[in-house]
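Each structure below appears as structure tokens.
Heads up, the next two complexes both have chain A, just with different partners, chain B and then chain C.
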Partner chain A sequence: MSLTEHEIEHLREHIEHYPEKRAGAIYCLYYVQDKYGYIPRASLDEVSELTDLSPTQLDELITFYTLLRRRPVGRRLIRICDSISCYTRGSEQVLAAAKEASGVEFGQISKDGAVTVLPSICLGLCDRAPAGLVDDSEDLGELTPEKIRDLICSYAAETLDSKSGGGQQILAVLKDQQ
Partner chain B sequence: MGTLYIDDQPVEFQPGDNVLDAAKRANIEVPYFCYHPALGAVGSCRVCAMETVPSREGEQPRTVMTCTLKAQDGMRFRFAQSDKAPGVSKTMVEFYMTRHPNDCPVCDEGGDCHLQNMTVEVGHAYRRFDGQKKTYPNQLLGPLVWNTANRCITCYRCVRFYQDYALGDDFGAMGSRNNVLFRRIDDGAFDSPFAGNIITVCPTGTFTDKVFRRKYSRTWMLKKSASICAHCSVGCHVEPGARAGTLRRVVPNENSAVNQYFICDRGRYAPHASEAANRPLQVKVGGQLRQEPALAVLRQALAVSDARWGVMGSAREDVVTNLVLQQLASDLNAPFTAFTDPLTEVRTKTAVNLSLSAPSLQDIEAADCILVVGELTEHAPMMELAVRQALKQGKPVMMLHAAASLLAGMVRKQRSLQAQTQAPVLWAETLQKLISSLSQEQADGWAALLKNAKAPVLLGVAEVMPTAAIKALAELAAVLGEQARVGFALPAANSFGAAQVSQAGSSEQLLEALERGDINALLVVGADPMSGWQGERWSKALAKIQHLVVVDHIHSATVQAATVVVPSATVSEHNGVFINYEGRVQSFAKAYSRETQVLLQEELIALLSGDARARVQSQLLSMLGSVMPSPGSTGSRIKPATLPIGQLAEAVLGNGPALVLQGWHGEEEVAGFATELASLTPHDSVGIAPAYAKALGLTLDKNSRLTISVHNKQLTLPVSLSAQVAEGCVAVSRRAFAELQARLGDEVKLTAAMRLSEEPAAPSVVAHFTPLQGDNSNGGLRP
Partner chain C sequence: MEKVLSRNFHHAQPLDLATYRAGGGYDSLQSIFGRDREEMVNELRASGLRGCGGAGFSTGLKWSFLAKDAPRPVYLVINLDESEPGSCKDRQVLYRDPHTIVEGVLASAYIIGADKAFVFVRGEYKVGAAKLEKAVQEARDAGLLGDNILGSGFSLDIDVHLSAGRYICGEETALLNALEGYRANPRSKPPFPAVKGLWGQPTIVNNMETVCHVPSIMHKGAQWFQGQGQNGGSGTHLFQVSGPVKNPGVFELPMGVTARELIYDHAGGLLDGRKLIAFQPGGSSTPFMTPDQLDTPMHFDAVAKIGSRLGTGGVIIMDDTICPLKYTRNLIEFYARESCGFCTPCRDGLPYLVHLFDKFELGTATAADHQTILELCGLIGPNTHCALAPGAVMPVQSALQLFDDEFKKHIAAKGCSYSPVAATASQAAAGAGVQGGHH
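Showing the complex of A and B:
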């Protein structure tokens, strides 16, 4: 599992735009995350080589920013806000329903590899509370336990190739876990 | 200088002080956590609060954090008299204590804990918060530091020391908000030679001394003394703590102008060699244990009728011991030396002669341009920490080296650092070129940087520098003018002092006398000639003699070969005087006595005749001046007369690869016997630059091995490809040098050997998960 020469060249080019190499670290980490669905340990060494930040310093960044992750997630990553507006509008019930529907604890991959549910800090969607975010791009509003259950069921029904990339890889990771 | 007022009490302050500094100096007990004098203020703990007193009409009193406020003349504050400030401090401490475990009775820090002191000081006694405490996983951090993550109050002192002060990068702050942990990405020992200091800066028991933990004592029950570190030539002030006749821990002694607040890991953990299982603790004659007092046995041994004696002192024993031995030698009409290796003797003395204006650690920190010759980190870590302080401020640091060094490894991150690799035989030439380009109108590169500097500092490592290079470095300093200072890291704690008491060429003379058979008995105190650079010659010569009397506190090769072994005291176990690399005379005091009787070095004087004793006294006076520094004081510097130095041929430029020393920062003669520190010794390998390997026609990768052949000896080691090794050089450890019976600069033959078996396939990525997750919106640690 490593970056190709072509990818490294691309990252190097991008980093050159900054006055300091380390300024390109976030871009590199996102790039790796987009490729694998998460940031594996071995990739940190590669990014470290490119940015002159040590793996520990990169991990400091990753643990600071919620949207970077060091653990694989399901094909769909569902974040559900648990901050104050959403909390008052019932996000606790939504989260509980999501956990039940996924069949695993928060942060873990459901048995079929379809989803990972994560509680999240405020997503800035307070007007549509309780709110959520799928794959860090699609927003969800006015969630109810029923809605979230239906959503997770629909993701489970997706065929593996309906979403490019990830699917096969995540099943492979799950196989390793077993 | 100026005066400010706290609760109407006038408080004097020094330039650069903040209000907290001034208050602390006036013994006003202001609570604080995140502030540390060496690390500065960040104002994050919000504990050192005081209230301002309005000076103008209409102004309101404000609550301020005193660590972030520069002291100014006439400032007025309320602290104890304030209605608000003590409440702020108390509330903040209460917040910190909501999550802190109440485990003081079983905590290593208990009784010596900043958090405990501050909690008591502000009067927080009862926990009102009845929520759940958060718990965190501890991380295994190698054999030296123990982590108890739950005790952390996130003051960030550890990371500020580790990353910001010591420029390390393998330990950091993970997470955010109220979910922060301080750890490395992978379990295991720290890379930095200064990691032990996070124990000292941590105000709680989050980081504690793992070695101390195994033989723990409450710190108020420790016997302590003001001592000097004996493990390199810097002479840092340390405070050993002992109980029941055994050494338990060593911490930096803060009241000093030498090392200020910190010591390196070698200084902190090498003294534990005194507790090594194989330490000689009983007198042994001909392999038999004896019950008689050490001194009587020694006297008996020296009185053997047929013996023609030689006497060897040591650069790691103190000045008085060496002087006494020198006089003992003259009583016995015997040759004396304090060095085991002629080449080291010549290099040390050359360096000592040129060290009269050597920079102190503070001078190095304040330098605006530094040139380092040799692998400084691996020989004098604290001197290198001072270089890092200049580096951190963006001051240019240039480095000329031949083997891998932690300082050279920082070149990618530190823009003002330039490292150049070169074989040691060429260093003198390079420095000479630098001197000649200084005189040119348009100096460029390193010459320009040195020329434009107002306070340049030149540092060399005497042990690995050819004599010509040592001289050239000093010449460079002379050409740069009075503002330039040159200093050398010497091979041992008292190398400076040992150089003062040995005649020119003394070690070569003693060695030759042994080889000729002129002497048939040798008294060795605190030295291990048989495993030094001339180990082979000494072993052969000593095998022939009838009497080898060795006084030492480590189970060295020489002790193992001795006919009479007399156990001696370690630095923490006796009184004495060291002279550090700058000629600073510093004395150290005994912290404790061992339960079994060992010979205290100061007792050796009893072996002398009355005349000889008087001569020791007068020599000591003429050497150190009239005042002997008291233990704990920073001592004064001596400027001795130029020492005579004999001539000695050194390695010349050959065609083949030359051997250079690959040191590491925890390495020293005694440190090798400190189990925990020594367990971190890197695996032996042969360091070679990839480009040079290619030029030699060797195709190498990380699984290759090379056979080194020199003087009919062969050694096969795994390859460590490193661009930090100079062209024309291969770098090996001291151990490999000993095994090859080789000397610095020896020309070797390299041949490819059988490869290591390929590593097993990397485990699946799942095994690499760290407990802390990036997606930590749920508090991170527990899903």
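Showing the complex of A and C:
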């Protein structure tokens, strides 16, 4: 697990347009997280070298900022808003349904590797409450317990189809519930 | 009323530079480049434009704090961290018309004489940040950004920074720390950012919507802007209505539209069979307003006059199916979780408030607990390092006053008589988005 020379050059270039190197830390951490799905230990050393921050100082940032993570998540990361606008429209039930469909606690990876569900603060989608966000890029709006169950089911099927395999277990769990 | 921020929202996709310019985009620069800076700041003060990030501070006045001989470089930082529950306005402009942001930043940077601008975008708006980055690149390619823009002698580049989560990043000095690559703990004020901000340099921090109003004010004049408002308000604002209403959404309306018009005419009123109990006028940190205050004009002074705050103009509805205590507990839980941990009253006080509210739900609360909530709010509010915790306790204090009998009922009945919150996803088509003034 290491960055290519080309990638390191790209990161170095990005860092250079700030007066201080550490300002580029979040960009670098995002970069490795996008590459591996999380920030592995080896990458900390690489980013450390680029930014002149120690691995501990980088960990200080990672543990503060919620979108950065040191551990892998499922193939799909589903955030579901639990703040007030969504709460008044039943986010509690959406979250409960999502947890049940994933078969594990919030933040853990479902047994088939398909999903990780996380409660989230307001996503700026209050007009579409209850709202969610997949992989920090696809919006979910007007959620219901049924909708979120179907979505997780489709991610399970997608995982089953993909080379990474798995999926049977979650499908069995979902069948059990019906 | 003329739509300004949402004027291009009827297009299915964000406009590319050519189409944006064909519709008059960037024309404002003709009224700005070459004009005396102080005169423009004065015009801005006269227009009545106030910060749209929540505090409602006069934008022209803030800009006048920048010393004329301020040491270079001077920075302009745009706050696009929008995370206050109930607020979803900046996102609409980011995702649907990013050139409006580029034009607003460019116009504002020229007026304050900034050397560089940063747009600080919350991580959850990653897709929007990419759209903005694309617009910035188009502007660079067309010579609207870069060195000696349109031969004006003015040079500027815009850096789009994608943040990585946490509500506290929206507090302006915490934001500066985040941008510099530190944990987002707020800084002590003074020194204010205008004196010592990003990397110790003079810095103006503004909400995204605020700077997006600047081009049309300069192009059409302060008087025109004032005329856009109603009932004592100036300009338009992107109001938001969320919660149990028929047509939740983002609406560009005159500043000063009444809460009644906003909630009933534009947001369609409450869901069938629901009754309005209270509402927060401007995001989750604003004190409750009640149905008898529906005719209040939604502008900063009128809302402040009745003891609340216009905040972000994001209205959140509390109806008769939700327990007011449960509603309030949800608000505090947000602030408790989002506390940056820097100071004790906030870090320890807010979770303790959540704990006390839990006792009401579980039926173990006593009159002493009720009293403790009251006292705790008074202790937290004035004793914290930044405005997060005061914002957290304001709606709690408001709930204590408004729902005093509910607190007592929960104590007497040893628990809560309300049902859990029902799931009521709106039937509205996905992406209904921003709706205009009159329809």
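Throughout what follows, the second predicted complex is superposed on the first by the 158 of 178 C-alpha atoms of A that agree within 3 Å, B and C clash if a C-alpha of one lies under 4 Å from a C-alpha of the other, contacts with A are read in each partner's own complex, and residues count from 1 in each chain.
In this section, a contact is a pair of C-beta atoms (placed from the backbone, for glycine too) under 8 Å apart; a residue touches a chain by one contact, two chains touch by 3 or more.
Since this is a predicted model, take the numbers as computed values, not measurements.
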With both complexes overlaid on chain A, does A:Ile121 touch chain B (first), chain C (second), both or neither? both
Name the contact category of A:Gly37: first (chain B only), second (chain C only), both, or neither. neither
With the two structures laid over each other on chain A, which partner does A:Ile84 touch: chain B (first), chain C (second), both, or neither? second
Does chain B (first) or chain C (second) touch A:Thr66, or do both, or does neither? both
Check the residue A:Ile26 against both partner chains and state whether it touches chain B (first), chain C (second), both, or neither. second
Chain A residues in contact: does chain B have more, or chain C? C
Taking the superposition as given, does A:Gln108 touch the first partner, chain B, the second, chain C, both, or neither? first
Which partner chains sit in contact with A:Asp52 here, chain B, chain C, both or neither? Use first/second/both/neither. first
First, second, both or neither for A:His17, with chain B first and chain C second: second
Common interface residues of chain A with chain B and chain C? 53, 60, 64-66, 68, 79, 82, 120-121
Chain B residues within the chain A interface of the complex: 163, 169-176, 184-186, 412-413, 762, 764-766, 768-770, 772-778, 780, 783
Which of the residues in chain A end up touching chain B in this complex? 1, 38-42, 44, 52-60, 62-66, 68-71, 73, 79, 82, 105-108, 118-121, 173, 176-177
Residue numbers of chain C touching chain A in their complex, please. 82-88, 90-91, 122-127, 159, 161-167, 178-184, 199, 240-244, 248-250, 284, 314, 316-319, 322, 327, 330-331, 334, 337-338, 420-428, 430-433
For chain A, which residues are in contact with chain C within the complex? 17-27, 29-30, 51, 53, 60-61, 64-68, 79, 82-85, 87-90, 92-94, 120-130, 133, 136-137, 141-145, 147
